[in-house]
Each structure stands twice: as C-alpha cells, then as structure tokens.
Amino acid sequence: MPKQPGDIDTLKLSLWRRLTDQLATWFAIGAAVLVVVPLLAIFVYLLIKGGGSVNFAFLTQTPKPPGEMGGGMANAIVGTGLILAVASVLGVPMGIGCGIYLAEYGRGRFGDLIRFTADVLNGVPSIVIGIAVYGLIVIRQKHFSAFSGGVALGIMMIPTIARATEEMLLMVPNIVREAALGLGIPKWRTTLSITLRTASAGVITGCMLAFARVAGETAPLLFTAFGNQFWNLKLNQPTAALSLQVFTYAISPYDDWHKQAWAGALILIVMIVAAVAAVRIATSRGTLKGVS
Amino acid sequence: MSASQNEGNSSEQSETTQKPAIVMPALGQTATEREQHASSTGLQRIRKSHPRSSRIPDAAFGMLILLTAISVFAIVVFVAWELFDKSRPSLHQFGLGFFYGHEWDPVNDQYGAMPFIYGTLVSSFLALLIAVPLSIGVAVYITEMCPVRLRAIISFLVELLAAIPSVIYGLWGIFVLAPLLRQYVEPVLARTLGWTGFFSGPMYGIGMLAAGIIMAIMVIPIIASITREVLTAVPQNQREAVLALGATRWEMIRMGVLRNARIGIVGGIILGLGRALGETMAVTMVIGNRPEVSKSLFAPGYTMASVLANEFTEATGDLYLSALVEIGLALFLVTLIVNALARLLVWTITGGTTGRARA
Amino acid sequence: MGVGIVVRGLNAWYGKNLALKSIDMTVAANHVTAVIGPSGCGKSTFVRCLNRMHETVPEARAEGLVKVGEMEVYGDGTDPVEIRRRIGMVFQKPNPFPTMSIYDNVAAGLRLNGFRNRKQVDELVERSLKLSALWDEVKDTLHKKSGASLSGGQQQRLCIARSLAVEPEVLLMDEPASALDPISTSKIEELIFQLKQHYTVVIVTHNMQQAARVAEFTGFFLMGSLIEYDKTEKIFTTPADKRTEDYITGRFG
C-alpha cells in the first residue's frame, strides 16, 4: 500500500513522549523516596529522643506526680502485658474458631455472610469499639478495668486472626484431610490435630500480626482501661498501658513527660518488633516453612 | 493418586455394610473430574462407615465452631445496637438537625456535629490527595521500575509504615512535623499560595494541614499494597502488547498496566479512605481540637473521632454523652458503607482472597 | 512496502545462558519466512531479537548486526521504542486490551504516536481491520464491544489489525495460530498470504505443514544455531543437512 502524506514516518520519537517517560520515572522514584523518608525519620527520632530517656529508673518506677521530675512507666509496661493477655485469651480462640468455620464448614452463603461480617468488624474504627465496650462492661460495672480494655482489644484481634486462619487452612491440600479421615480419625480431631497443625505456622503468624496491631492501640483503651498512675495487677481496676501513657505525656505541658513519652514510644515499638521477630524465628524452624 | 487409593481402602471397609456408590468412574471424565468425584463420595462413605461414638464429639465440635462464627456476627450487631441505644436521647432531641448544627456547646447542652463532620471530611480528603499519587507512584516503582534486588526491601519498608501505632505517629507529629510546618513549610505556602485562601491565618504548625499529612502517611501503606497486588495481577502479555506497538515505558505502564488495574486501585483508595475516616489518635494530637469550620488549612480543626477521644470521659450529663455516642454511631455507619464498597471492588478483581498484609 | 532484514552474528543471552549462537540470516522483503525447530531451539528468541523485545526480560541481552531496511536495530543511539513501531509483533496467545473497545484497540498504537484527528484515525482503523479480514465481522460493533469479547480467532485478527495500524515494515508472528482452532488457523494463514504483498513477514511455527503452506523461505533452528536456511520447497524435499532431515521427518521434536 503506497504511503500517504502525513503517515507515521518519523524515526525520531517526539520530544513530548520522551519527556513524559522521564518525568514519570522521576515521579515514581520520588514517590518511593518520599514514602520511605518519614518511616526512617520516625525510627531515627525514636532512637535518639527515646533512647536518651530510657534508663533503669524508667523501666522500674511508676509515674511521679505532674511537675516532679523522674519516675517511669513500669506500671504501664506491665499493664500493657496484662491487657494484651486478656485480649489474647478472648481474641485468639474466637478468631481461630471463626477461621476454622470459614475454611472447613462455611463454604456457602452463611459463610460468606460471616466473612463479610468479619471484614466489617475489621473496618470499625477502634474508638467506636471502645465506646461499645464502655456501654457493655464499664457502665454496668461502674468502673474502668483492665478486663474491659482486654475485651475491646480482643474484639479487634478477631477479624485478623480469622482471615489468616481461614487462608492458611485453605492452603492445606484436601488430600491431607482425607488421609486422616481415611484412617478413621473423626472430623473434629482431624481439623484440630491434622489440618490446623499443618497450617500452624501461618496461623501463629496471623495471631502475632493481630497482636502487634492491637498492642499499639490507644483509642479503645481511653474509656475502658482508662489508665492508672499506680501499680495494678487486678483485672477489674483501671490499668495503665504504654500507649495510653505515651498519649497522656505527649499532650501534657511538661518537658520531662515529653521525654518520657519518647521513651515509652521506643519501648512500645521494641516490644512489637520483638514479638513479631520472635514469632518469625520460631515458625521458620517449624514444620511448614513454605506455608507462612 | 491417593484419592483412588482411598477409594480402594474404603470400598474394602464398606464391602460388608453397603454397595459402593460407584463402581467405575464414567469414561470421558477428565482426570480432575474423576478425582473430585471420587474424593467426594469417598468422604461420604467414610463418614457413613464411622461408628456412632465419634459422631457426638464431631457434632459438638461443629456446634462450638459455629458458635464462634455466630459470635462474630453477634459482636457486630451488639456494637451497632449499643451505639444506637446509647445515642437515643440525642437522636430524639436533635433529630437530623444534629448533622448540620454548627454549635457544639456542652455548657448549654446544644449539640451540632457539623464542625466535626467538616473536619473529618477535609482531613480525609487532604490525606487522600497526598496519599493517592504517592501510593500509586510507589507501587508502580516497586512493580515496574525497581531493580529486582531492591524490591523486597522497599516493599518491606512500606509495609513497616503500617505497623507503627497511631499514637507514635501523633508523638512524631507534635514534636517533629508541626514545628517543621510552622517554621519552614507554612510560611512558604502562605507567601506563594496565600491568595487562594487555603493557606492564610496564624501559623501554629498544629492544624488541618498537619493532620492531613500525618493521615496521608498512615494511609499510604494500605493503598500501596493493594495497588501493588492488582498491578502484579496484570498478565505480562498485556505489557508486551503495548511495548510491541512502539511505546515508551511510561506509556506501557499507563496503557497496559494501570488501565487494566483501574478498578482494583479505586478499591484500594476507598479502603484507605475508610481507614482515614476512623483514624483517631494521631489526628487528635495534631489537629488542634477546635470545633471551627475554616477554609484555611493552617487553622485548627476537630474530627468526629477526635471529639470522642477528647470529651468522652469528661462528658457530664446524659445528653452530652448521647450526643457523643451519636457521633460514634455516624462514624460506625459511614465506615461500614465505605469499607463494604471497597471490599466489593477489590474482591471482584482479586477473586475473593486478600493478602494477610492488609490485615 | 516491506523491507528486507539482514542478520549477521546475532548472539543472545538469558543471564549467563547463551541462547542464540552467531546467527546469520537474510530475510527477503515482501516474502513470508518461517522459522521452525523443536522446543527450546531459540526460534522465539530469534524473532524477539529482531524487534528488541528480547531485552525486556530481566537479565536478557543481545548483540550483533540486525539491519531492517536501512535501520540498524542494535546500532548506537537507536531507540528500541522506534524499532518496535517499525517492526510489529503478534503473539502466541491473543492479547487484546480488555478495557478498550475494538476501535480503541486498533487505534491504540495510533494514539500513542500522536494521531488526534478523528477522521484520520477512523480511516486508518477501517483500513487495518480490512487488511486483517476482520472489518466485515465487527464494523457494526466497533465502539460497543470490548476487545476481549470476541472469539479467539477474531481476537488474534484484532491483534494483527492493531499491529498493522501503525504501519510497520515488518510483521513478526510468534506461533500466531497455535492457540486457535483449525478454522481460525486457516483464516490466519490465508491472511498471512495476503499480507506479504505489503509487509515482510517472519513467522515462528512448530507446525511444519503450516510452514510449508504459507512460507516461501524457511529457517531451521536447533539448540540456538541456524542449521539450514533456504526456500521452503528445498528444506522440505531435499534438505542439505541431516539434522534438518531428521526434524522434518519427525525423528525428534
């Protein structure tokens, strides 16, 4: 076909196209840098400002009255542990149970509904959960408590654990279940000892991710655990928590408390990272590396 | 392989109890069809052939599991009910006017939530404005441009952003971001773009701008990770098709990748919006907490979540408390709708399974 | 009008693995040349080197002289983007753009190259679809149906139209009919026969009967080397190399 005038015949790529290609590349690189910078900045500040204030006193003492120097967040560290323990006792079994349901029993419409509900629960703002638990427990008991804080956080753990459990269980090939059933092992035993066991590495990782997520939560504790200046190991009393303490100190007018807020934040991050790392190490030596 | 062995075993077991349901698989079935058929009837026969004694624990276990599933549903219903119930006085008193009332006056028991709705919408919108281009940019960089060795590191760093608790973002916001804004960024913005009205007034550092920026940082990992997933899901032959027409790399990304992943990306953005709407601590710490409606981004504001965080434990009187709970109810409903919409969009692309990273 | 291709000393690597060993070949203008050989012999790699698609795979590279008409494909300062506009490619699995209409699919390459004039684009789209024997089947639903809603054979002809719209001089086809049913295959083969009037066609095929049907010249590849290259008739009746003879008589591959 003879070439017509005005046909594409240029060997030189238009300047505009070259320019947009270059600009797009720079933009993407720039975006990557801009996204990573705050992350590094936060960690650096945590280390510098927090590291300077973390000392033995900080880790072992309770807060001093406002205005007085010194004191620490020991009670908050322990309080966080207490609240998280309650949360795990509630959240882990419920989450795993729900995950088992979704994977092993609920492949139909009702299962879809539950799955959707779990996603809805996942998206509910944490402060709203705090309000709801306040209504259920705190108002009835007429006091704040570590228990109610644990319940709020536990509820937040459920969707994450359920989805992770479901996914991991679905990855276990059917043949494994059939082999067990064929040996005469009842279904309940198969699910727990065989299927769940096989998926355990991934399930544990899921639990840990949920744990790490709620460990840093502050909002739901504002009106449940409420915080406490003193030691408290009782479940039915208001309890200090690291995240709450960091918040209170950060918005206070005292310089010393600001420093302690950084220290508390550092401890919090270290706890979270340590927990996740510990689980990663533990599960990478486990039976099914590939699954998680 | 093992499915057919299974079949062999179980037919031996059940020889005395019943005739096997099938003798030979129908000819002309594919291998997978045969295996599926065999395994389903095999399982059925195994179950039937079990002694009754294990059926009760099985049923009990099934019940227990079902109970946990139902409890999840019950929890959501309970949360919704609690919110509705405790906000009744306010609903009754103010009706729909609650949502466009301008006055938030606890002293005189007058409650209008408009300043908070405004604050929530503006801060979230600003956050998305900043986060969306950056998230898509990062995702494109990781999937299309990044040298393979860097890929894992950068994506890990982006996911790490999601792991930092909100209160720590707030801490950093108060002591690092806000002073930075006040001393360097806001003066420049005021000089160059002050005429628009968005960058005027006293510069505190703390305010809507700070809140928007912090929220953007928190929302980026969500949008970026979903975008990455849908970009990776675009088949390689689409990219090749565009390249073969004589396209630059950016043109290939635009036409062959982003275009195909459009719907999923929108889903990711909506999910990010859902997160932004409910974000509490970091915003509370940097937004200034003044219930004002102001055009300037330098001005302090107040979001729905922040007023809950600040005033809930101080609330005296039933009406005050129920007004706050009503705000909580509104927040609940809005995030519910937004998240449902987002999940719908993302599920249609990725086919129902979502990555754990997003949890 | 099509142009001839001259290849001298073409080497191609995947990482450290040398996949093409010093290929020398001259492809005649306005003719169909087939490239045959067993799996893994490098025929696809060879063809992908002609339009520099080979290097889009990470760790892949190629070196050597490839001249398409007057253009040195691997010359200093040659932009792969321009090469690929001039040398079109049709892939094994049809890959129309699913989010675009039939019209937009064909116009995609035109729009990339800055064609804005609606009337011009309309004309060029119609011409390309007629060239690829798809026009009559889709002319009423150009804007309504998406590229992916067509049948397999139609999709492949759409991809051919898409490639032709930007007026390449050479059309490379990597097993274009292997994913299609026999009727679509024969339609494609008919099409190739028509196309050679305007374009130089290089077609990779594992189907020797197909090579015999459509191509005037055939090159036999084995383990990265070009073993024999001659008129198709000669290759299939009196091959000069024993390995060629073994392949075409079905002794391996």
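To keep things simple, chains are lettered A, B and C as they appear, and every chain counts its residues starting from 1.
Rule of thumb we're sticking to: contacts are C-beta pairs under 8 Å (C-beta built on N, C-alpha and C of every residue); 3 or more make two chains touch, one makes a residue touch a chain.
Values in this document were obtained by computation on a predicted structure and should not be read as measured data.
Colleague: Among the chains, which one keeps its Cα centre farthest from the Cα centre of chain A?
Modeller: C
Colleague: Could you tell me which chain's Cα centre is nearest to the average position of every protein Cα atom shown?
Modeller: Chain B is the most central one.
Colleague: For chain B and chain C, what's the span in angstrom between their mean Cα positions?
Modeller: Those two chain centres are 45 Å apart.
Colleague: Please work out the Cα centroid separation of chain A and chain B, and write it as a whole number of Å.
Modeller: One centre to the other, that is 13 Å.
Colleague: Calculate how many whole Å lie between the centre of chain A and the centre of chain C, each centre taken as the average of the chain's C-alpha atoms.
Modeller: 52
Colleague: Considering chain B alone, which of its residues make contact with at least two other chains?
Modeller: Counting only residues that touch two or more other chains, chain B contributes 248, 251.
Colleague: Two-or-more-chain contact residues of chain A, please, as numbers and ranges.
Modeller: In chain A, the residues touching two or more other chains are 13, 17.
Colleague: On chain C, where are the residues touching two or more other chains?
Modeller: Each of 81-82, 85-86, 112-113, 166 in chain C touches at least two other chains.
Colleague: For a test of understanding, state which residues of chain C touch chain B in their complex under the given definition.
Modeller: 51, 53, 56, 58, 81-86, 88-89, 91, 93, 95-100, 108-109, 112-113, 159, 162-163, 166
Colleague: Give every residue of chain A touching chain B within the complex, in rising order.
Modeller: Touch list, chain A to chain B: 13, 17-18, 20-21, 23-25, 27-32, 34-36, 38-39, 41-42, 45-46, 49, 93-94, 97-98, 100-102, 104-106, 113-114, 116-129, 131-132, 134-136, 155, 158-160, 162-164, 167, 174-175, 178-179, 181-182, 184, 186-189, 191-192, 205-206, 209-210, 212-213, 215-219, 222-223, 226, 243, 246-247, 250-251, 258, 261-262, 265, 268-269, 272, 276.
Colleague: Within the complex, which stretch of chain B touches chain C?
Modeller: Of all residues in chain B, those touching chain C are 148, 235, 237-248, 251, 255-256, 259-260, 262.
Colleague: Which residues of chain B touch chain A in their complex?
Modeller: 2-3, 6, 9-10, 39, 42-43, 46-47, 50, 54-55, 57-58, 60-62, 64-73, 75-76, 78-79, 82-83, 85-86, 133-138, 140-142, 144-146, 154, 157-158, 160-161, 163-172, 174-176, 217, 220, 224, 248-251, 253-254, 274-275, 277-281, 285, 305, 308-309, 312-313, 324-325, 328, 331-332, 335-336, 338-340, 343, 353-354, 356, 359
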